[in-house]
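Submitted below is the structure of interest, expressed as structure tokens.
Naming follows writing order (A, B and C), and every chain is counted from residue 1.
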Amino acid sequence: MSPPLPPRRKADPLALPRQALMPQGGRSRAALGLAAMAAQGRFALQICAACGAAQYPPRDVCHECLGTELPWRDVPTGAALLGETTVHLSGDTYFRVRTPWRTGLVALDCGPSAVAHVHPDVAPAGRARMSLRLDRSGQGVLLALPERDSPNMMDDPMIREMTCDPRGRRILVTDGRSAFGQEAARSLLAAGAAQVFLGIADGWKPFKGQDNLPGDAVQLDLTDATSVSELAAEFGGRIDIVVNTALHIRPGGPLDRRDLVSAREEMEVAYFGPLRLAQALGPTLRARAADGPYGACAWVNIHGIDALAPAPGFALTAAAQAAGLSLSQSLRTSLAPIRVLTAFVGPLEDEWHQAIPPPKVTPTALAAAIVRGLREGLEEITVGDIAMDVMRRWRDNPSTLARERAG
Amino acid sequence: MSTLAAFAADLLAGKIKVIDLTQTLSPEFPTIALPPMFGQCAPFRLEEISRYDERGPAWYWNNFSCGEHTGTHFDAPIHWVSGKDLPNNTTDTIDAQNFIAPACVIDCSVQSAENPDFILTVDVIKAWEAKHGQIPAGNWVFLRTDWSKRSGADYANVKEDGAHTPGPDPDAVKFLVEERDVIGFGVETIGTDAGQAHGFTPPYPAHFFMHGKGRFGLQCMANLDKLPPTGALIVSPPLKIKGGSGSPLRVLALVGA
Amino acid sequence: MSRRAAYDGVVAAVPITIPYERYSIQTAHWWIGRALAETISRAGIRKRDIDGLCVSSFTLGPDTAVGLTQHLGMSPRWLDHIPMGGATGVVALRRAARAVQAGDADIVACVAGDTNGPDSFRALVAGFSRFAADATYPYGAAGPNGSFAILTDAYMRRYGATREDFGRICVAQRQNALSFPHALMKRKLTMEEYLAARMVSSPVALFDCVMPCAGAEAFLVMRDDTAASLGLASARVLSTIERHNAFPEDPIQLRGGWAQDMPELYAMAGITPAGIDLLQTYDDYPVIVMMQFEDLGFCAKGEGPDFVRSHDLTLAGDFPHNTSGGQLSVGQAGAAGGYLGMTEALRQITGAPLGPQVANARTALVSGFGMINYDRGLCSGAAILQAA
């Protein structure tokens, strides 16, 4: 069994930290599908629409029947480990400082053989449970896990490279004024976070929960450049995960208002704010991304599902959410190897969605989903029945979704 | 020697002191908190353009943004619906002669310390006049509460039922405008009106009556405790914003040494 | 059984090895050019007498054999470029032999050469193939070391081979290399040293791996009367086989394409494995050598370990194998590694070895294996040659 996570050690102030290098990230277009599936925590491969043969490595033409329609479908996770190696010597700059590294060839129950990262708790020549993970380059890779969870399974350095477990990490939650921000901080602490910095804007303005705040309150207003840079200067070197809980959702379509005041506020919170924070914290986070098992690892942005297509009544918010989503996608490249987790959320159970019928997402549910997403190392989660419904429709046909949402 | 030359000589000789009545414009300074369905006054924001770097090697400068009513600011008559049709009611059209005027300072700091909802009444004004003489026409009346010595949440003092800060009642404002012909009303708090003035009749009487009669407001001032009850000369020109309803400004008081 | 035409009247001659260098500042063009110049000089012909050219190289890019004709000032009427790694020597011989036999060319120069810089090998491995870049290199980036380690591990589990069994192959080849003038590894290797070597990618250790280097190899293919008129010692081509992506249904590679085509190889040559005087296998890792012993019929599947325990694989032994020392001791000069066995076999059976002569060597089997496109080597081939 793999040993438990060693306690966090103080960094040697005189040592140059391990550089945040990445495993090779170049992939064929077909293989990018692995990342898309891993991002959602799915174990899916290309399945030939004509003959049903599973394909691996990803390709453009079926190896059985030469069919060219190869949609991604969930497949059974079972596999048998056929042969393995523990790499001690690698010419690659990322792996050579992470050896020994166990990989092997598995026979997937769905057919193909596949080279995979192999968790130490998988028995030699034994059965394994496959998962698709994102590696530090953000690409989808196969990881063979023991058939049943083993003690300390998630503590193994290999899987820590592929996940963003809050345990032992120091986390900034940007908006502690909201019930969601407070709930996120509470859930992260419950998940073993070493420390949660809870950002409070406009401290002079009273807010619910202010007398019972989880974590350590810090002054932070994402709409204020000075506040953001002061926070980065003071705490930047101590933040391993950023959970941007700032959400500013207001009803109204383009012609419902006579000015841009509110639209601009929405942009400030959904787009400029995270951009400011990324500019201020990003370089430090990246530099600390290889800092051992507790290195900086993740950035979480919350987007209303309206980012995919505006819902009637919330069109301006949707525009700001779309801008924020676009930023999240760019940050994936800019912040790498820091993982960017986008959480799509449906209508929240809050005062701004009184006119929206249930089901709505409670702060607790959203916070729990984020903790789960970090633990699994996901890049995309969709929270709430409405968000899932919209996401399914978007995957099916984005153009249709835009029209059906328009009502 | 002309009056002005004598004044200038006194100023240079230090016989006239200049007191700054302005709060520092900073992002964290509270702005008025209206219910969320209303439009909100933007807080002060500063974005660096360059700081001796690749964006501008030898110079430092910023862009800033804020509302017309952010920080220590001036209220023009057009700010309130009651003053919307008056002539010369905007920051660019108000006669500049108005921007320098004497002030009477009514010290209610003790009462305000005891009661954040302290209300300035005609009686209080008359009691002040009994000591310092009648308020002359064309004067500012400043309500000293020492509120500017507070900061953050204490300063805004917002509770579940709104802000709790001192201010005048409707009769007091009417009295100052109609009986004393003041040029305007100035305070240390956010708003010339009391924190709970939304419940007065009419709501926000300082805004309603002052601006309705073409008078001005000064808010979020500091250092009123350094002013004499009478005799200070106030310099308070707002930015010349076209059609502006007010503006952040530097408020200076000239007092005899 | 076979409807294939024999290679009557076709011979291979003038085996050339340009001595390898660990690192070279020269290009593949330079190495190939040197090999061609040496070939022409040794054959006593002019450059324009070569009317067929067959090229293999990993480091010639962006050029191919086409660009090389202009670079070298040649105007061949038959041209081929074979990207098959360790199978290129055998496949080049096959292609060239048929061209000569059909009269498409009179003298075909088969040449393979590569250069090697300090980061060449890693770069080659990182971008070796689409499947490798997508689905192998990101898993520890151990390159062929990792791939063969996995196969070795599976082979050991399946057939009970031990590291010592693989060591026998490596130690014997090092013994051969000690008398091969161009071998880069010239120090005697003991079994103790082999077993104690640093683990590279378990169970593959240091002496299981080839050393990438720069070098070039070449030989000529022509009609037997041409060779006779030039006074060149030569070897006849008795038979050849070639197979790609054999046994795709095998979940892991424990056999190569030879297993599929072995009957035809011997039938066409009209001999049995007992008739082979010396064997040159493709040896980038000892596990694949062991599989070739099995799949080429020298022992049954799974008996490779027993086979190496019961045979002396050195030059002077009862089973002379990789008599130059093979890539494991001479070095792996890129695509030229796929020629090393061919040129060495030609030298031995034409009586012109660079080191000691294998006694009574008339008939040689050369086998090739190449291209770990993903989880296994895809190309396999073999040829049986006999002194003319």
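One rule holds in what follows: contacts are C-beta pairs under 8 Å (C-beta built on N, C-alpha and C of every residue); 3 or more make two chains touch, one makes a residue touch a chain.
Nothing here was measured: the structure is a model prediction, and the numbers come from that model.
Q: Line, ring, star, complete or other: which one describes how these chains touch?
A: Chain contacts: open path, no cycle.
Q: Please list the single chain whose C-alpha centre lies closest to the global protein C-alpha centre.
A: Closest chain centre to the overall C-alpha centroid: A.
Q: Can you check how far apart chain A and chain B are, centre to centre, with Cα atoms defining each centre and the answer in Å?
A: 49
Q: For chain B and chain C, let me know how many angstrom lie between their CA-based centres, rounded off.
A: Those two chain centres are 92 Å apart.
Q: How about chain A: which of its residues touch chain B in the complex?
A: Residues in contact with chain B: 202-206, 219, 221, 223-227, 259, 261-262, 265.
Q: Chain A touches which residues of chain B in the complex?
A: It comes out as residues 26-28, 30, 33, 39-40, 42-43, 45-48, 152-156, 158-160.
Q: Could you pull out which chain A residues touch chain C in their complex?
A: Interface residues on the chain A side: 23-24, 26-28, 30-31, 56-58, 63, 82-92, 94-95, 99, 101, 103-105, 107, 113-117, 124-125, 135, 137, 139, 141.
Q: Of all residues in chain C, which touch chain A in the complex?
A: 121-122, 125-127, 130-131, 133-143, 145-146, 149-155, 157, 198-204, 248, 251-252, 374-375
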